[in-house]
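Data first, discussion second: the structure below is written as structure tokens.
Which chain is which? They are A, B, C, D, E and F, in the order written, and residues in each are numbered from 1.
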């Protein structure tokens, strides 16, 4: 179930009958190399969340599409919230769903750069909940699953793109978006074929080290059919994590 | 062109060749009566923005899906940002696009409750731009179009739903979402057929006055084919406003 | 009754005996063309609020004299709060009066540029009230009246200054301040006699389009005796709105 | 010269011809005992600032009427900004005047509780000025004069109200407001005649220790003619401090 | 007792048996002239607080080592929090200790520049406590002792360094740090022997007036044995103030 | 070199002669089980940072002693900054050191709960640096080393406390503090000997699952001599990381 496609009465019924849990897709809007879409991270998080929601009836919140991408700002089209703004957004989203009785918030994340802000936001939520409600505060729980960090996706990425998955603008994420938006598949040559790897600091440093935006990857290998397999693997695996999260004592 | 479906190089090319303008859809995630979707306002803004972008090649930013809906919080599923958070989100979005050279930001808004925060954010942007850049600040311009506020849509709404358009959970916006998401059309009886009209104060007051969430409307008259006509009217009309905005000296 | 001229015991008595309502004048401190005072908007809001308070015994809060005037900052002497600051000011003012039992806050506004921040602040108040007090939150209501937006003032402006009222540094507001501060009437020639009209974006754009600060107006026609009539019309009309607001179920 | 009663061209001329200095009255809106006005501190700061401005042609900014009065919140009618809000207000006011070229900001303060926020704000201004402008930052200077803290006023208070001046709701400040607003003189009996003295902590503690709001004072001795003398003594003395501040190398 | 060196069970026991009071040392990290340590103010506050804690069993919180030193920023190594940040830090520290039942917060301060932020923070605490907890808010009390502002220390400084104590980088504070950190005694010649005195505005102004960082002092006279005497005098005197604070009705 | 024990001239010399790098210890003030000190995380970070600074002459900033410990707030004595406050503190500390020319900030962290806020703060720094300085922004770099996350410490922990290191209140960290503060070694029996392991959500959940504060550990095995070995291993290993960070192109 997608929250956006429900009526309020349907949400009320959902809250009455079952686990007061919700999937929260969160991505980013930032450069993803020569053939990757700017919306890659938001798209990946969204399609996986929707797949899980479709399969097991879990509620899916609207995607937080703009995340923390300060380090991508030397590439046209990248958008970023300051970490402090992103924390406020997550806090407000969680707190407003909590007003209706939601108690379990499972974030499906498409972007490594969001992780610190998301985790910081969880504690901002707990702090505010405690400050405002004291002893009467509801027991809120938040969890975070990065879609690429599970055994199934890791194995499949390695099988499909051995040694060239890299860490940004990866063939896996590009494949997934190709499957989701076949009309937006880009045919772009890139050189070197495999981008240099490594870490980085701020946006200028990123651009200096990774002039076309990729890190350690060869996304020219991306294919929509690989994307489908990755989506299925991710959805199955993360659905399991979500079930455990909801069942947790 | 959808920003999310472009590569960074495509965005760079867009900025080189033409008006440095972008469409910014912004909606809300809030109750819309017995048969209206929670995502109504975000969906309306998004489909209209995409229609304009498709028709005339304008860039479309990702939709800001959660807006300012404090007054809807007594209905399950409604989400809200505090006005101060929404202002920060808009400021960050505009400022990061401005770093790449975008200079014209045209917000297509789906929700009346967002208007004050959007307009306040425009001045927060101007203040920050001036404080940080002084004499070197770029000339940024922001504009706001509420999709229902134009002559074409007004006339059509009146023709299709004479006297029962109301002001929240209107048959027009419900129709538009029915056209966009036919799989999510809800068949719900509602009573009275036409909801009471009027103003309201906070969330509890809203619920007291408008127990099923509608204000002055009869959205049982919504039909996807009406939605299609409304979408076309809105897109055509707002595309014209956008063109004027871009052409403005 | 002016809050500033009461003792605390008088305020306590006021709250016991009658409607827990208060008039909140809010203006701006910004250029008003060649012969308009920088304090025009604050003065107009204040004298109208005091006139209403004097006539029907309503409590009048101190004037918020500096508002949101980011777009006037290219003219010497203009002061502005950032929208986020103004929202915090309004929130704090309302919340502290609410601690004493005030429940109805009627803002009399002298400046169009304040409107978004004021309306955003109302929802910031409702959000905070709800977050902090939950089920025990008092029923706070806020309303906004722009002094020039009522039938009586509109008719009179049209009669006194046909076609040259404009939208900033208007002969109406200048007249009103001339009546309030006859010692500060300025005799300044201006050219063209009627300023160009139209919209604007940021402060530099404003100055470029409206080099002497006026928009569409001919304030050389301002006269204190017109100001008196405008004040009386505004006070009568807005007093009626206030009465309705207080009486509202 | 009062900023509110100038045109922008007059402010521009003021800045061209003389010291780029401005008087900034700041007060509070809070209980002042049985016969003291809620606006006492704002009124005192304002009338003294205007007297100085009238005497030596210095520019006077609009009064910041609501200050930091958290500790008075158990008495009806008291209003307060949070310290963080007041700091933001002062920062915005100073920074916007600095945009026009003002460089010397002389605060005339009517309320002890404002002092920490004002002084903290001065450094917030310096920090922001430095962060935003770096090496090009103008040399801004801020100073604070509490109207009752000078030899002349101290001596006169002691002469007029020996041993019963106290520290809140003092006969001196009440006299000054009686002179400024003779129509608002209150005739209220109070007991004990001299209020208990001492310190306090939060608002509840304040009310417990000082049940009618006075601290150590006998404001029943207040007289408008004493107020006149106090006003003259304060204006003369503070005008001197201001002159020194402006002349300072 | 040092909080950092206790277990949580020991803190719990402390709260059960005695006054729910805690000493909060707060300093600064800023230049202190040619032979003064950058940590002078933090060191002074910390060693005095620990001495009091050791003598009478009072709990001592960890030192807030970085304070408000915007005006020292033209000297290498100086660190500063913005006033608004420092206020947030103090608020969070006090509020989290209050959650465990602490009710008396006694700040021992080593830096004049912190005073406004500390005092502002006390009211931020009271405001938040009141907003979040309403009638159930605990009775929190905060007090501030500047270590050099008491009769005993004043007398001793005058005796040891007659006429050359000055107001920044004083021989007293340098002595105290020499006693605390004999391994960090610096032998630096300075000229003139006694620094010029006076006030200052922002950081550049400070450096211009006081090129080596000292104000009115001759810290070449500092000696560790003087530091020991000053420490003992300060600890004894402030322990007395603390006892009174705790005993206060 | 400890910043606190330097003069400003020494810091200036340090910046002239060598890498403009600084070690930033950051810990937490929170319960650490039955025999662990509340200051454990701050102490560990500090002693390791000082050891590295002593060995290779690197500058060491003062320790940020209170971190993000919202989840420990059900245990007496725990203190926490909200994530948003901690981010502001780190931003201010880094930005003020950057004003003097520091360009490499190496955080040595003692507390897992700080990681998100620290990493978020790094991007807040980059965002602010970019916003305020644009093309002139210095190239700032920040890195984070959690003292327990390196091969040497991991191997030693496993050797000394096989299977009972756990994840909070570990025998390793307790040992390290015992070595640093032998006078504060606690002899407390605990049961069960090895604490239950696992994750947790908010503070109440933490206490419910881990009633004495430990997670998965047996800190009764802590010994000061183990602490010495751990300190040496950590210092050696992290000094290497720091060297690489400074040398990085």
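Operating definition for what follows: contacts are C-beta pairs under 8 Å (C-beta built on N, C-alpha and C of every residue); 3 or more make two chains touch, one makes a residue touch a chain.
Quantities reported herein were computed from a predicted structural model and do not represent experimental measurements.
**Q** Which neighbours do chain A and chain E have in common?
**A** Shared contacts of chain A and chain E: C, F.
**Q** Which chains does chain A share as contact partners with chain D?
**A** The common neighbours are B, C, E, F.
**Q** State the chain with the largest centre-to-centre distance from chain C, centres being mean CA positions.
**A** F
**Q** If you tally contacting C-beta pairs, which pair wins, D-E or E-F?
**A** E-F
**Q** Going by average Cα coordinates, which chain is farthest removed from chain A?
**A** Between chain A and every other chain, the largest centroid distance is to D.
**Q** Between 0 and 180 degrees, and as a multiple of 5, what angle does the rotation take that fits chain B onto chain F by Cα atoms?
**A** 120
**Q** Distance-wise, how many Å sit between the C-alpha centres of chain D and chain F, to the nearest whole number?
**A** Those two chain centres are 46 Å apart.
**Q** For chain C and chain D, what's the span in angstrom between their mean Cα positions?
**A** Roughly 24 Å separates the two chain centres.
**Q** Centroid of chain A to centroid of chain F, CA atoms only: how many Å?
**A** Chain centroid spacing, chain A to chain F, equals 29 Å.
**Q** Touching two or more other chains, which residues of chain F qualify?
**A** Counting only residues that touch two or more other chains, chain F contributes 73, 80, 82, 84, 88, 99, 130, 132.
**Q** Run through the chains and report each pair that touches.
**A** The set of touching chain pairs is A-B, A-C, A-E, A-F, B-C, B-D, B-F, C-D, C-E, D-E, D-F, E-F.
**Q** In the complex formed with chain E, which residues of chain A make contact?
**A** Listed in rising order, the residues are 130-132, 134.
**Q** Which chain B residues qualify as touching chain F in the complex?
**A** 95, 99, 128, 132-133, 136
**Q** Using the touch definition from the top, list the residues of chain C that touch chain B in their complex.
**A** 68, 70-71, 73, 80, 82-84, 87-88, 113, 115-121, 123-124, 126-127, 129-130, 139-142, 201-205
**Q** Quick one: in the complex, what on chain B touches chain A?
**A** Those in contact with chain A are residues 2-12, 15, 29, 31-39, 42-43, 61-66, 73, 75-82, 84-85, 88-89, 92-93, 96-97, 99-101, 181, 183-184, 186, 188, 213.
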